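Handing you this structure, nothing more for now.
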Amino acid sequence: MKYDFSSDYCELAHPLVLEALSAVGNTQFEGYGLDEFSAQAADMVREKISAPSADVHFIGGGTHANQVVISSALRPHEAVIAPQTGHIYVHEAGAIEATGHKICIVEGENGKLRPFEIEAVVKDHCDEHMVKPRLVYVSQSTERGTVYTKAELSAISECCGANGLYLFLDGARLCPAINSHACDLSYGDVAELTDAFYLGGTKNGAMLGEAIVITCDEIKADFRFHLKQRGAMLAKGAAIGIQFGALLKDGLQDKLAIHAISMAMKLADGVSGAGYGMLCPAETNMVFPVFPAKTAEKLHGLYGFHDWSKNGDMTAVRLVTSWATPESAVDGFLEDLRAL
Amino acid sequence: MKYDFSSDYCELAHPLVLEALSAVGNTQFEGYGLDEFSAQAADMVREKISAPSADVHFIGGGTHANQVVISSALRPHEAVIAPQTGHIYVHEAGAIEATGHKICIVEGENGKLRPFEIEAVVKDHCDEHMVKPRLVYVSQSTERGTVYTKAELSAISECCGANGLYLFLDGARLCPAINSHACDLSYGDVAELTDAFYLGGTKNGAMLGEAIVITCDEIKADFRFHLKQRGAMLAKGAAIGIQFGALLKDGLQDKLAIHAISMAMKLADGVSGAGYGMLCPAETNMVFPVFPAKTAEKLHGLYGFHDWSKNGDMTAVRLVTSWATPESAVDGFLEDLRAL
Amino acid sequence: MKYDFSSDYCELAHPLVLEALSAVGNTQFEGYGLDEFSAQAADMVREKISAPSADVHFIGGGTHANQVVISSALRPHEAVIAPQTGHIYVHEAGAIEATGHKICIVEGENGKLRPFEIEAVVKDHCDEHMVKPRLVYVSQSTERGTVYTKAELSAISECCGANGLYLFLDGARLCPAINSHACDLSYGDVAELTDAFYLGGTKNGAMLGEAIVITCDEIKADFRFHLKQRGAMLAKGAAIGIQFGALLKDGLQDKLAIHAISMAMKLADGVSGAGYGMLCPAETNMVFPVFPAKTAEKLHGLYGFHDWSKNGDMTAVRLVTSWATPESAVDGFLEDLRAL
Amino acid sequence: MKYDFSSDYCELAHPLVLEALSAVGNTQFEGYGLDEFSAQAADMVREKISAPSADVHFIGGGTHANQVVISSALRPHEAVIAPQTGHIYVHEAGAIEATGHKICIVEGENGKLRPFEIEAVVKDHCDEHMVKPRLVYVSQSTERGTVYTKAELSAISECCGANGLYLFLDGARLCPAINSHACDLSYGDVAELTDAFYLGGTKNGAMLGEAIVITCDEIKADFRFHLKQRGAMLAKGAAIGIQFGALLKDGLQDKLAIHAISMAMKLADGVSGAGYGMLCPAETNMVFPVFPAKTAEKLHGLYGFHDWSKNGDMTAVRLVTSWATPESAVDGFLEDLRAL
């Protein structure tokens, strides 16, 4: 069985998460996320992000989180601004458009949006023959594994404020981003600079679950109706609250992210040391080496991973590490690479 | 802590389900439901329902299942026929309408739809100034805990066939229905008589999860796109496959349903024995006693449950049992009732 | 060729309306409703309804007006309250649901909604498992040709205010309503008591066109985006502005309505005089006699009209008069009826 | 009053169109487009396009036509392929996305889509994490006034067929395209090569109205429901049928287009003769001269027209001619230009 670097959702859940679920036994709880487990986990989230008045809602997955937040925040004619690499634009099967909203894309750089691009979209959309941009979507870390610095996110936040735009941050991989050497943002900074974001569980040790955080009053209003209407309100919402309780206890989620990052850095160093380039800087738990196509092909025989893009005879591949990646798998990969 | 008869989703999951999840360890699997656990569980479902060519998709919850199936099956102008008590009409925050489709309601009887009601809707909708009925929605068991017999469901199925209507069955509580004394339908009958249905896990021992079964080729086509677009495709789809594997092993789901039903029957017998009437026949794991308002009020001080409807000084309440309901709770309730 | 009492849109347009269109010649104007003709007509509407700060937008038809106003006013989880006879519920092919919103229906009386029915819906919709009622839809005159009095509409308006509901009035037949003997409302009253309404042109002398009037600031915001997005912004918006200019000049629209009503009253009197009953009081330009089925059938051989409902051997039919109905057609009908 | 070259919808309607409307008098007709005028006009369209079994539906405007056709043809997960200059992507306020569908854009050339671009989109959209391309949108003439040749449209049509894609052609300016010197397509070719298209009236002499033509059986089915649901079914549909009757009689629409083109060609020749370049070839009734910004500014003082794009100190402007453009306006413009 070859080791799989395809993604950070290849293993079910961290043992402490499963333990927490098993520990509940037949304790009865209220349905639809109104249970004590979820209430406590929400408190822990609020404390973690230093935002005592934030609303916290648990939801099963990231695409769903993006869809519910965005569709609840916008009037029908309002649109999203996103980089062309944004998950909502590329890999969510039109989930945003399915709720009626256009995504206005810009080029971005290494998966990151830049304030001048936002301003250009706003300026271009000048009358009622076009949609009205109203929300900016960023991912932290991005689809390229890169991170926004505090200066970068602050500039975007300011640009949004100046142009009447909501700022929403897709944090499916927020823990790896916050714990990256390249990132000087705290969880609290993210809460302060955005109107809403989510803190990912699925890709960082949970079986399923993301914690949606809303700091903007307009988006807070009636949010549970939207969760219900989009099928996102689990009867046993406690199942996610319990998991987040475990992830937030004693900083578990950060420890998991730190492990994932350190495995990625070791991979990146080894790949570079072997003389290969990178599609973009390795900053979190995703590494994008550029191999000759034949090398990539041979590696596919030994490990699981996705090809990301092709350029002539070169193939950029994506290697993802997780809380569960054993160092031996990384060592093996590098050894095999050098031996090719 | 008072015992809660509010619903069958008050406890997290059956121990064997949690065990199965824990047993997976760090085994790697493919994402988005394409894993081996889900494939095996799907095979077990197909065998259980004697439908070898059915498509099976696992999804997190019932509202979501209803929404994805219905919205994927209909063109924009097509509508659903449902009884006015139907979950999709009353308690899903407009999830169906949110995808653009009208629900045409009829009165029904004890939560059950009757063929003549379907025909009346079809006849009324005679031109393009009205929506075009295209799918009939039934629940088995119904919101009233009642069940369709084989004759009843066959008649509806025939009526659908004759009128070019899909038949979709909401099986959030299908196991309690199938195992009811009042029900002569097999799982295979349900698969044969409908175009699509789902087999509920959440309300019968799973932490979360429903198994959508599609037998109609038109609805099968591209179904995974719809799952993804509506946010219903979990990155770790295996989490549901594993649970269904456990529920289907050695008939666990039926054993759980049988326990729930037997607790409900004991409750029903006791309530009747104490001289109270019922809103409708007790057939599955939901019982609807009708108490004087004052009696209901006193019971609220001792047990958790929902009031269902009021009629003058009388209150119909809903008592729900589950796989986890201890017989002692039932005995206690009846004792307390007699002592009032 | 038999005379057609089917509707008030059987003739193209009043000669003065067509004259106004022809008078324009090759005068150039700005597109998309930003022309001088439309601006002047909007001023005339504002004066007519004594609402100098109202926004006025011209649109091609009534279903479209209902759809654009309602969908622009609501967030995704918000719903409409309407009588079960409401045009949006019955005869618009699901146009409201197609924009994602549920219509909560109540029984009504003679096509009219009553405040206690609104309150009952609001009270029933108590949590996020249900949609949130946000807008009340009434028609003046109603689908039954009846009218709300000032007291009735005031009570509804007050009830809406007390419950945080918008009040929207479908005025496809507002002119016949205002000019009815049964109606003590002025145009200004309608503007004052509602948040938005439309003043119908199509059914009262125009070739096409309705004037949407918005007095509520929240609904005013960005309304032209919604018009454009729903395909309702005509390149030559002037075509409607010019027609409304003609209809509002020298009270033409009221004169046309008065003629239509007087023809309907004559029909109603004659039918009653001949010994037949009515389904509901004749108050505007629609009359609903109840004939023995055989009588109705014979009349179908002589005149065009729609059957409305059946009750045993009796058939209620709908006779509609317009600005163009010649008195001779009414006399002929009554004569033929008496001769049957 | 300065002459306006802003668009081809600056004048109300050709005198023969208005005459035809006036000639109807008080003739009664059936509502909702089921009248004899529309039936005859539909026959004339079918004859004109040599497609006796095509379905023809009249609708008020182009954005609406695009929206109704596209939303009726697609299932929720299906998407449109369009050039980035496409009207539906840029200037319809998100009308397509509002019905739930993503538009996948490609670069195009001079407003025209190329088969290899279609194939690239199809190839990229390889699984259910992405939308599924299903319909190709082209405009003839394009937003740049350019036209597809028979070879070009045939290649696109073939590419669509090979990839299971519908081909839909936006023909708001189809008459000027067909009558262009650069276009070797007949109306019949357009009908044969596409699955649906519309023949524009609004921009070629009608007050309002486009004729939707459907040759594909799947799109034909239930189309009137979609018209109704999107608010596109006029009560007095005859109003459009009558206009098309006039436009199609004795080739009026072609005569009007020929005049518009000849005025545009004269403009283009004069502009070129005066030493200015063009943004793209002048092929129909739209001309895009590139002027120094100061020249453009001075011309704005004398004539109405839109700036199209800027490049350094140069401004590309759009000059549109219509059936109503007097030769004297063209002469005046050229004279003024030369005098600057």
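Just a few scattered comments:
As written, the chains take the letters A, B, C and D, and residue 1 is the first residue of each chain.
Going forward, contacts are C-beta pairs under 8 Å (C-beta built on N, C-alpha and C of every residue); 3 or more make two chains touch, one makes a residue touch a chain.
The shown structure was predicted, so the numbers you read here are calculated from the model rather than taken from an experiment.
Shared contact partners of subunit A and subunit C, listed by label, are B, D. Greatest centre-to-centre distance from subunit A is found for C, with centres as Cα means.
Centroids built from CA atoms put subunit D at 50 Å from subunit B. Inter-chain centre distance (subunit B to subunit C, centres taken as mean C-alpha positions): 42 Å. For the pair subunit C and subunit D, the distance between C-alpha centroids works out to 33 Å. Contact with two or more other chains is made by residues 76-77, 92-94, 98-100, 128-129, 131, 225, 228-229, 233 of subunit A. Put simply, subunit C touches subunit D in their complex at residues 1, 3-4, 6-7, 9-13, 18, 21-22, 24-31, 60-65, 67-68, 92-95, 98, 202-203, 207-208, 225, 228-236, 238-239, 242, 304, 324. The part of subunit A that touches subunit D in the complex is made up of residues 76-77, 79, 90-94, 97-102, 128-131. Considering their complex, residues 32, 71-72, 75-77, 99-100, 128-129, 131-132, 222, 224-229, 233 of subunit D touch subunit B.
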